[in-house]
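Next, two complexes with chain A in common: one pairs it with chain B, the other with chain C.
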Partner chain A sequence: MIENLKKTFESFNKKFISWPNNNRDKFFNKFMKMGFPNNKIEDWKFSNFNNFVSKNFKSLNTNFENLTSFKFDKYVNSFDHNKIIFINGEFKDKNFGNEEKEKFVCSDIKSFGEHLRLTIEDECENSLNLLNNAFYLDGLSLIIEKEYEFKKPLIIYNVFKTKKENNFFNQKIKIKVGENSKIDILLLNINLGSEPIFLNIYNNISLKKDAIVKLYSSSDLGEKDIFYNFNSVDVLNNSIFENFIFSNSANFYKNEIKCSLNEKYSSSFINGAIFSQNEQTHEIKSRIEHNDENTKSYQKIKSVLDKKSKSVFQGKIFVSSKAQKTDGYQLSKAILLDKESEFDSKPELEIYADDVKCSHGSTSGNLDEDAIFYLMSRGLSEFEAKKLLIKGFLNDAVETITNNEIRKYFSSKIESKINEYR
Partner chain B sequence: MLNIHNLSAKIDKKSILNGLSLKIKPGEVHAIMGPNGSGKSTLANILSGKKGYDISGKVSYENNDLFNLAIEERAHKGLFLAFQYPLEIPGVNTSNFLKTSLNAIRKSKGQKELDALEFLKIVKKKASELKIDEKILNRQLNVGFSGGEKKKNEILQMSLIEPKMAILDETDSGLDIDALKIVAKGVNALRGKERSFLIITHYQRLLDYIKPDFVHVLMNGKIAKSGCMELAEELEKTGYEKI
Partner chain C sequence: MREKELEKLKEYKYGFSTDIETIKAPKGLNEEVIKFISKIKKEPKWLLDWRLKAYKRLKVLKEPNWQKPKYPKINYQDLYYYSAPKSFKEKPKSLDELDPKLLETYKKLGIPLQEQKRLNNIAVDAVFDSVSVATTFKEKLTEKGIIFCSISEAIQKHPDLVKKYLGSVIPITDHYFATLNSAVFTDGSFVYIPENVRCPMELSTYFRINASQTGQFERTLIIADKGSYVSYLEGCTAPMRDENQLHAANVELVALDDAEIKYSTVQNWYPGDKDGKGGIYNFVTKRGLCKGKNSKISWTQVETGSAITWKYPSCILMGDNSIGEFYSIAITNNYQKADTGTKMTHLGKNTKSKIISKGISAGFADNTYRGLVDIGRNAINSRNYTQCDSLLIGNKCGAHTVPYIRNKNSLANVEHEATTSKISDEQLFYCNQRGLNQEEAVSLIVNGFCKEVLQQLPMEFAVEAQKLVGISLEGSVG
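On to the complex of A and B.
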């Protein structure tokens, strides 16, 4: 696999050598030294990523010339929104309705990637980030001026329908939000094709003073797809970052977030619902850094596992010596519906300040038999009772979403996934 | 309606019911009183289908062998248990649950399922009759409800479902006097020729408002004495020890 990847890189690099990012080979060479992550690495101890790649792919190919473009029109119709559309990794279209166009710059990265010039130091400990740096071609750059609140949420449709010659996608999403500005974003990753894809997205989000960013993510990927989503978030004075992930598709999905609360009164809310089935492995890993006084973080992750699946939560709250009056909260709860599923949880606190309030909790177990009995005694079948309890359990995480339209979107999405469940 | 014959039950080899027999005809209201640990709740649990008991004896319900009916089939056929400790179910909206439950039962009877609007109209009317704050309908099922709210929610479900045979397991415990009257009113409103009740209680108090036709004393897992309302009054004065 690695040898094949080398060939892919060589032909790829020849094609895109003239591109602003001319450090590709340095990143790739560093990646070659590290290889795909395996479970000997602490951050990957619960999932041997290497195995997923070799199990699902004979070769990884990035081949932008052989794109078969198609028209995507299955937009979310339950609420009005701004749109950005990616087809097979390439920025295709945007529609910002009647937003004030002078207040932000939204562009692809292929034609406007100069400011993304990377140095080898960037995320050099993470081999998948190195791979992203070596292979990325397109993505989104959204820079929002100060004092602008978007009227509607933005949905990024990241849609794939591809062939074997093109199954490896590396994208970058960079969002800078100015002082006192606000945006709500829903990222939808959708694979409409039958060929498995390996999707590797690097998100970089920065919030200036008094800004609010709400970033929600959901995927409809194939049963052999691999998706690694890395988020690096910087939050300044009095800003709020809210994040929700619903993880239900793809054979392997890892959502990793590093969120730095760098100035006073900044806060982050990282919540998620995982419903894993059919030998899937789904993982949420977070590292919240409290770097200044009076910062707040809140995390709630609910997982339901069935049919030999595995889900993992690794969450760390780091409190620097400067970050007095930190308020950190983390809770992870899992329900296992069969004996062969596995839930791993690694909650960590690393605290260097003495006046802080931090707590974490993690539970896993079965559905409550008494609750099932109660619901059945009211006429529900055992299966209906279980589905209602699963829905309720996951809804508890959905309730954290503060955008009403998007909360309803996730609530009905989870409901339909549970209705499909057999 | 309900015919319990020589019912015995053990849990972890410990005997709880020892040959209990009881006949309830359509339209009758029976009260079962008894000291702590006499097997009252076990009887209610077994009738509604809770697992984990080692059971012998016979129970027929409307000419069906009750033990051949699954838990939800018992509910479909009109058997209802108001729980002593209604469960808190986080994340499940009360109103949604009530609708799901009512429609499951309607569906089993071949009746048309109610849509959201039809349901809302009915549930609001019933809730106001029971003086239940409409707001609880939009809260998570029983989560953070007061003791009284939980019990009233059970009675609300009973009045929505309109069962043929309702078992009330210590519905009066934890209720203040006003709530007690409301619950009794809810029960009395449902009384009719075709509907029977089995009321399990520690105290005579509730029976003052729901005059039962028969009163039974349950001790050591069987009916020790049966009578009418006077028996309840006697028990209130003398306690269970004299029986």
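On to the complex of A and C.
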């Protein structure tokens, strides 16, 4: 696999050699030294990523001269929204309706020339981020001026339907939000084709003073797809970052968040619902850094596991010695529906300040027998009772979403997933 | 000069050293030294082979490096692996023959070895550097068929039992320090409780490191046969020295059907001085195996000493309906570091485990709880409850929680919660108002914070531990 990837990289990099400061090979060589993550690495302790790659793919290819395109029009119709559309990893279209166009700059990364800065600043030790640096082709750069509140939420449609020669996609999304501005974003990753893809996205989000960013993500991927999403978030004075993840599809799905609360009164809310089935492995990993006084973080992850699936939650709250009066909370709950499912969690606290309030909780177990009995005595079948309880369990996380339209979207999405459940 | 010394001793009252002639093994770690230890202890051949096998394995192993507290590299060739008082060439048959200097040492430590003088009903096995010096109340225990002696004695007198259980819980191929211990262990305690016997008194071992540049590697093996019960205590101290000394012990517990073992530790090794100089590296492997049905193993530990404490008393819950418990208080002050916790491996049906951990850090100390709860595929109806609370005093110290939870069974319930807090001003104010000074108030509040664990200790120990909690935090406020 690795040898194959090397060939892919060599032919890929040929097209970039003429670029000034092209340092893709530097990142790729560093990656080659590390290889794909395996369970010897602490952050990947619970699942051996290497196995997923070799199980689902014969080779990883990215051949952007042969990218095919198609028409996509299955937009979310339950509410009005702004759109950005990626087809097979390429920025294709944007539609911001009647937003004030002078208040923000939205462009693809390919033509913006943002690529140089993006790669150089990412001095990282994470091998999949290195791979992203070596292979990224396109992405989004959205810079919002100060004092602008978007009227409608933005949906980023990231749609795929490809052939074997293109199954490896690396994208970068960079969002900068100015003082006192606000935006709600829903990121949808959809694979319409039957060919498995490996999608590796790097998000870089920075919030200035008093800004608010709400980032929601959901995906409809195939049974053999691999999805890795890394969010690096910087939050300044009094601003709020809200994140919700619904993870239900793809063979391997990992969402990693590194959120730094760098100035006073900043806060972050990270919530997620996992409904894994059919031998899927879903992971959420978070690292919240409290670097200044009076910062707040809140995490709630709810997982339901069935049919030999596995889900993992690794959450860490880091409180530096400067961050007095920190309020950190983290809760992860899981329900295992079948004997062969597995739930692993590692809720971590690393605290260097004394005047803080930090707590975490983690539970895992079965559905409450008494609750099932109660519902059955009211006339529901056992299966219906279970479905109702699962819905209630997951909705607890969905209710943390503060955007009404998007909350309804997720609520009905989860309901339909549960209805499909057999 | 003398005053200075006295001042120093006030901080750690067990910091004196006993001037006694010793026999030491040649410095360094090699096959010759292992053969020397084995020879001086007149060990059978199988044990020497066992040690050499462990040593062979050790050469392949690498020291683990995932722990939070980092320490300078230990030069294993610069240590003495065996040190014993000279008068021990022939082990004294009774206390009357014991070197008076040794008796005095234990008197100073508050461990009277003369039985008639003892009020408390506790049988003690005292280990001085590499050898066991005395075991008290032997006759009374023998009446009941209980074997309580040093492990060297057990190797001579009960080789079948030792052969059967030694290394059955901690195999010689385990991690680095456990393997090192297997290769060079010198002495320790051995306990065997026969079927359906309830041990009438608390058994206790007192470990003392005296010689400098010496590592202490003791090995404790406790076997509770069907339907038996034993409560075992362990205490430890060491003189104050500027160098770091290594203590790498192995403790193995085996509980058969319906048996119960309660193991309590009050660890008060020399923690180093205010600037973090000296102190013991306490790298201990403790593991209990609930082998039989309905068996129970309970660990209670109060960790106040050592420069670095790095240990995870664990339970393997193999028998159906077996129970594992872990109660821990870890207090770190000045530059002390602790990385401690437990591992509960649920294998049998209806197994239960409970973890209560209280970490307190003050000064520049770092305190980490690291634990694993692993529920296997067949551990139907298993339950785990974990609670770890940390208390921080001052903003130069750290408190960390790193739990690993693996649940592979849908019929199992796992609960984990952790909190971190500080002593609130209101609590302090309330105590001050009632006439307690700042330090008394902190001691009282901390004792309250630890109450759940202190309650688990046998009475005599609990009083000592409570005092220790207060002393360990002296000078951390105000």
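Definition applied: the second predicted complex is superposed on the first by the 410 of 422 C-alpha atoms of A that agree within 3 Å, B and C clash if a C-alpha of one lies under 4 Å from a C-alpha of the other, contacts with A are read in each partner's own complex, and residues count from 1 in each chain.
Throughout what follows, a residue touches a chain if its C-beta (ideal position, glycine included) is under 8 Å from a C-beta of that chain, and two chains touch if they have at least 3 such contacts.
Note that the structure is predicted; figures quoted are calculated from it, not measured.
Trainee: Consider chain A as the common anchor and indicate whether chain B and chain C clash or fit when overlaid.
Mentor: fit
Trainee: Residues of chain A touched: more by chain B or chain C?
Mentor: Residues of chain A touched, chain B against chain C: more for C.
Trainee: Touching A:378 in the superposition: chain B (first), chain C (second), both, neither?
Mentor: In the superposition, A:378 touches chain B alone.
Trainee: I'd like to know which partner A:389 touches here: chain B for first, chain C for second, both or neither.
Mentor: first
Trainee: Return first, second, both or neither, reflecting whether A:347 touches chain B, chain C, both chains, or no partner chain.
Mentor: After superposing on A, A:347 lies in contact with chain C but is clear of chain B.
Trainee: What is the value, to the nearest 10 degrees, of the angle subtended at the Cα centroid of chain A by the Cα centroids of chain B and chain C?
Mentor: With chain A as the vertex, chain B and chain C sit 80 degrees apart.
Trainee: Given the touch rule stated above, what does A:370 touch, chain B (first), chain C (second), both, or neither?
Mentor: After superposing on A, A:370 lies in contact with chain B but is clear of chain C.
Trainee: First (chain B), second (chain C), both or neither: which does A:34 touch?
Mentor: neither
Trainee: First (chain B), second (chain C), both or neither: which does A:1 touch?
Mentor: After superposition on chain A, A:1 lies in contact with neither partner.
Trainee: By the touch definition at the top of the document, which applies to A:361: first (chain B), second (chain C), both, or neither?
Mentor: second
Trainee: Touching A:334, do we find chain B (first), chain C (second), both, or neither?
Mentor: It touches chain C, and chain B stays clear.
Trainee: Rounded to whole Å, what minimum CA distance do you find between chain B and chain C in the overlaid structures?
Mentor: After superposing on chain A, chain B and chain C come no closer than 15 Å at C-alpha.
Trainee: Within their complex, state which residues of chain A touch chain B.
Mentor: Spelled out, the residues of chain A in touch with chain B are 368-371, 373-382, 384, 388-389, 391-396, 399.
Trainee: Which residues of chain B touch chain A in their complex?
Mentor: Interface residues on the chain B side: 48-51, 70-72, 74-76, 80-81, 83, 86-87, 89-92, 97, 100-102, 104-105, 108, 140-141, 157, 161.
Trainee: Can you list the chain A residues touching chain C in their complex?
Mentor: Touching chain C from chain A are residues 42, 45-46, 321, 324, 334, 336-366.
Trainee: Could you please specify the touching residues of chain C with respect to chain A in the complex?
Mentor: Against chain A, the touching part of chain C is residues 66, 377, 390, 392-422.
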